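After this come two complexes, each holding chain A, first together with chain B and then together with chain C.
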Partner chain A sequence: MAVRDNEVQTILRVDLSTGKVSKETLPEQWTRQHLGGRGMNARLLFEETRSGTDAFSPENTLYFGTGLMDGLPVGHGRMSVACKSPRGTVAEGSFGGFFGPELRKAGIDYLAISGKAQQPVYLYINDDTVEIRDASHLWGLATDKTDAALRQELGDADIQLRYIGPAAENRVHSAVIMGNLNNSGGRAGCGEVMGDKKLKALAVRGTKGIRINNYDAFLEAYRDYYRKLALKTSRDPWTPVWSASGAPVLARLFTDMGNLMTRNAQQMSWDNDKAMAISCEPFLDHYVTKAKACFGCPWPACQKLYRIPKGKYQGFKGGNYWAGQPVVFASLIDNSDLDLVLVISGLCNQYGLDIFHVGFTLAWAMECYQKGLLTKADTDGLDLSFGCPNPEGIIDLVRKIAYKEGFGELLALGCAQAAKIIGQGSEKWALAVKGQELEAITERNNYMVALGIAVSEVGPDHTRWYPPYPCNPNLIPQKELEKLGLDLDLELAFQGRNPKEKGKLLRWFTISRAIVESLPGCVFLVRDTLGLDMRPWWKLFRTASGVDMSYPEFLTSGERLMNLDRAFNIREGFRRADDKPPYRMMYEDVPGFGYPRLEPVFDGMLDEYYTTNGWSLSTSIPTAKKLHELDMDYVLDDFQKLGVEVE
Partner chain B sequence: MLTLELRYIAHVAMLTGNMLKEPWQTNAATMQDLIDELDAFYGGFREMFIDQATGRLCLNAMIYYNKLGEVPIPVINLDHPLSDKGIVTFW
Partner chain C sequence: MKRIYVIEDLCNGCRLCQSMCSSLANGVFGDRARIKILKIPGEERDIPIVNCDGRCVRCIYDDGVPTCVSLCPTGALIYATQHEAVELRLKYEAARKVYSLFKVVAPWKWPLPFNLPAQQPAPKDGE
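Take a look at the complex of A and B:
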């Protein structure tokens, strides 16, 4: 059996316009600069996408990136997908499962897919065989049907797949790329671009082994890492919660804490009994049929497959119930029927819709309906009141969004675009940043989240700085922080509603998570001190890959990625004014618990973030000094050619 | 005698026979007293919430405390006082 060396990274280039396929090796110094995964995708995207490229042009290349830890116990099957977003920003997302390791075992670390196919196609990879195959018979199929059809056609029940559903085919806002039925990624625009390229699916089978450079040292590093994650030894309060229950438990907690977006975040607390009805406990007790883990994950499987046991939706099957669904399909639209939550969520996966797009846009429309801006004449006769009095109508509306039919055509644009069309002040309750809907985590009571959502280059994406709190200050003495490269007062940073140190904290989180996603690893497993002390990740990377780099070099790769993402957006015209929370969070107070608007504290936090990063306070552009310090003179050259106002 | 509302998040409810919340009458003055009382009644609370080596709250456990209508705050010190109509969330 062939075994791959684990320090050379290869890229397979596929031009769908010409059918040309080629394979090359990436420059070795890029591995030192960007590690792999998300970092390498960012470099490829920046180098190969000219400023002003139309997202729906053949020139907008879609990158799938693995990384040197993929296929090993630490990679967790994560991989990154990136391109330019139709919203103009960098589009990047990641997903778990098994596709990444399989791609690496086929001898490929990155896929760069450019051009546009004339007819629907899928890409078939079987070790060294690469074929662009007709997918006309798959076009229009839901993701679950696509999954089944491809496995049958290829005669391989275990082949690894990524595919799109009707939503991406129809270029619906935020449509996602799916895999393993329920793993989604790329909501920032990657699904839309894949659909535009008429690329229905990727299928990969690989049989090569992956060499661990220094097995004994890797095993020792892994043992140290595992102790921070194991139920008995982890010093993280979330470890037992996630291990036993999963993220839906948050709805119960958040409503008590005034932290649960309700009725499109007009309120931040829900009825406790309603929250109990859609929490993890009834879900685990009555709906879950099977748990499924990603490749090499050391934790209890966090993906849950479910089946609705009784009632009018009896027999409906789906997968995954996370922190997002109990917010966007429950409190946000005031629906406490868990069956309905799970049906909408499952349909989103089948159509390839982004749950946050659907939930926040539905909630925006419901508030428009509540205030008389939309009536039954606009909604195809549907009573769009909060509380979902017509659940069948809501289910049909989800389908209409995927197919851009009737009222669904407006909602298929996403809430920010739809609000521009409806106007009349509805922009104030369109909960989006950079054209992208919010997620489940709230802002007014966690200032680092507010800042993180506002400055995220891809629009709201909590994985860029997850988890959104530092570890317990008792875990690391303050004097140890400096040794780890942190200039941070952990006590102040730990206080969620104190604006001090939030810019510094977010900077650190963004850098460290950028590293994790470039190895890659799963940010869900950033537990205990793994979010502050990156040395365990560094040891794992060095021993597995054989790439010998110092700890400061390792940290710099994360900072470089943060600046590269910013540089991409700067080149597309984004500036400081684009880094702001939604109007509602910025300028409206919350009734009930009384969390104040963000306006009085936000600019100060933003200043701290830019200053710590070495970015211009007025424009948010990385300074020439910072770019030079990070060996990013190629960015500086590009800025100067384009007339970007670098300080 | 205080009346508290106790809430148990999923994995904690394993100790309480899947009871997710309940009213609780007690003479406990502090969180430490309450944990001792619950440990005597249900078992397992000390092990889950108190670090035997340090006597402090375990680093992999959380307790939130509030009164109805107030924002819950994380309990860091086990000497944290309790008062009537307090809500204690164990997770």
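Take a look at the complex of A and C:
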């Protein structure tokens, strides 16, 4: 069996225009600075994409990045994908599954795909063989059909695939890249760019073993890490609930707390019976057929396959019922039919649509319909009232969005763009930041969430600072706590509706999650004390990679990534004014629960965040001092060339 | 004699056992393992295939339980005698009929106690 060393990071460059393929090794220095995964992708993107590049041009490169922990049981198969978003920002996403480890076993850590193919193609990698193959016969197929067809064609049932659906081919807003039928990622624009490059799929087979030199120390570190996450030994009460029932368990809890966005977030609480009908209990009782997991996950059942047992949609199969669906396809459009939720969610996976895009845009359209801005003449005769009186019509509408037909063409633009076309004040309930739809997490009663969504460089993405309800700090003894470099008052920071310390808390979360995604690891696995205490991650990284770095140095790599993402956006012209929550959250109160608007507290939190980061208060540009401190002088040079004023 | 038994329905196909097993002897994470997970895409099944007598190269927790069994997140792998394995299997079958939670995780892996009807003493006459 061929063996590769874990330390070396190799990039495979593929130019689709010319068909040229080349392989090179990345500088060792970059591993120290950025670790790998998302960090390395951000560096590559910053260095190799010039400012002002059109997202749909051959120059925009699409990066797939694994990292030093992928292929070991710690990476959990996470990999990061990055490019420049059609909305101007940096686009970054991450997905799980088995693709990352397989890519590393083939001896490749990063894929950089540039150029644009004439005909639809797919990339086939088998250890050292790399081929660009014709994919005309796959173009237009739904993701499940593509999956089956490719496996049949390549004659390998266990080959690892990433592909796009019809939505990405048609460059629908926020289309995602799919894999293993139910793993999706890259909603910030990566799917659209992949579709534009006419790259239908990636297929990878690798047979090399990954050798780590310091195996005994790695096993020691892994043992402690596993204890923190295993159901029996974890000290976090969420671990068993989260890993077996999943996030739908929150639907009912959230409606009691006034935390569930209902009817396009006009209300924050739902009927308890309705919330119960779409909760995890009926799902687990009647729908789940099989639990699934990503590579090497210590949790049993984060992903579940389901089959609808009876009724109109009997036999419909799909996978994954997680945090998003119980909000965006249920409370947000006031639909309490679990069958319908699961059908829409399954169809989104088949077309390669982003569930948040579909859910929030649908809810936006429903509010327009409610207020008379859209009529049956606009919606192809569909009754778009809240409550989904015409479920068949909604299902057909999802198809129309993916293929940009009829009324779907408007919704395929995303709610921010569509609101600009409809106008008449509909921008006020288009729930989007930086052109990207919100996620299922609510803002007005957790100020850190509001801040996190507003400042996120890729648009709303809760995985950049997940979870907003962090671990119990009492799990860590006071003496240890002082060593972690937190530098914030945890008592104040964990009070949801207190604006104090939120900037500092968000800064800590952004940095620590950036590190987890650079290793890579799964950001849902920051349970127990792993979210506050990064030392177990540090030990794992040190032993697995052989890179000897100190703990502060390890934390700095996360800060570097945060600044790098910000620098990319600054280069594209994004400033402080772009970091703001949607109008509804900012200026409207919630009836009933007395949750106030964010306006009075938001600017103060933003100031705190910028100050602790060492960014300019007026523009949000990182200061020269900060950039120099982080060894990021190349960013300074770039800013100088472009005439960006740095304080 | 104790050996490794498998409850196929519980396997979620994460391949943690396979990956760890391959590395135990020489620190190379690869395909050379004594346990392999056969994945059938599109089907609701993952099949663990064990080619091992249960004498582990290296038990991760030094408690005599093979690494793969210690780490299995769902409890699909059991290290037991034939008689114990049958008992556990029956316990699992009974549990999943009562709580659908045990469709995805074995009752002995779950941290909270659930009092299964089968475990409660039968009511005596006259009560």
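Basically, the second predicted complex is superposed on the first by the 641 of 647 C-alpha atoms of A that agree within 3 Å, B and C clash if a C-alpha of one lies under 4 Å from a C-alpha of the other, contacts with A are read in each partner's own complex, and residues count from 1 in each chain.
Assume a residue touches a chain if its C-beta (ideal position, glycine included) is under 8 Å from a C-beta of that chain, and two chains touch if they have at least 3 such contacts.
As the structure is a computational prediction, the values presented were derived from the model and not from experiment.
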Would you sort A:Met276 into first (chain B), second (chain C), both or neither based on which partner it touches?
-> first
Using the superposition on chain A described above, determine whether A:Arg13 touches chain B (first), chain C (second), both, or neither.
-> neither
Could you figure out whether chain B or chain C reaches more residues of chain A?
-> C
Chain B versus chain C as contact partner of A:Lys116, first or second or both or neither | neither
Between chain B (first) and chain C (second), which does A:Asp256 come into contact with in this model arrangement: first, second, both, or neither?
-> first
Applying the touch criterion given at the start, work out whether A:Cys297 contacts chain B, chain C, both or neither, answering first, second, both or neither.
-> second
Check the residue A:Ser245 against both partner chains and state whether it touches chain B (first), chain C (second), both, or neither.
-> both
Touching A:Leu284, do we find chain B (first), chain C (second), both, or neither?
-> both
After lining up the shared chain so the two structures overlap, which partner does A:Leu475 touch, if you call chain B first and chain C second: first, second, both or neither?
-> first
Considering only touches as defined above, state whether A:Lys145 meets chain B (first), chain C (second), both or neither.
-> neither
Is there a shared patch on chain A that both chain B and chain C touch, and which residues make it up?
-> 234, 240, 243-245, 284
In their shared complex, at which residues does chain B touch chain A?
-> 7, 9-11, 13-14, 18, 20, 59-62, 64, 66, 69-72, 87, 89, 91
Contacting residues of chain A [partner chain C, same complex] = 1, 3, 71-73, 98, 105, 144, 147-148, 151, 157-158, 180-181, 207-213, 215, 218-219, 222-223, 226, 230-232, 234, 240, 243-245, 284-285, 288-301, 304-305, 307
Could you pull out which chain A residues touch chain B in their complex?
-> 234-237, 239-241, 243-245, 249, 252-253, 256-258, 276, 279-281, 284, 445, 472, 474-475, 593
Along chain C, where are the residues that touch chain A in the complex?
-> 10, 12-16, 19-20, 22-23, 26-32, 39-42, 44-45, 60-61, 71, 73-75, 100-101, 103-105, 109-112
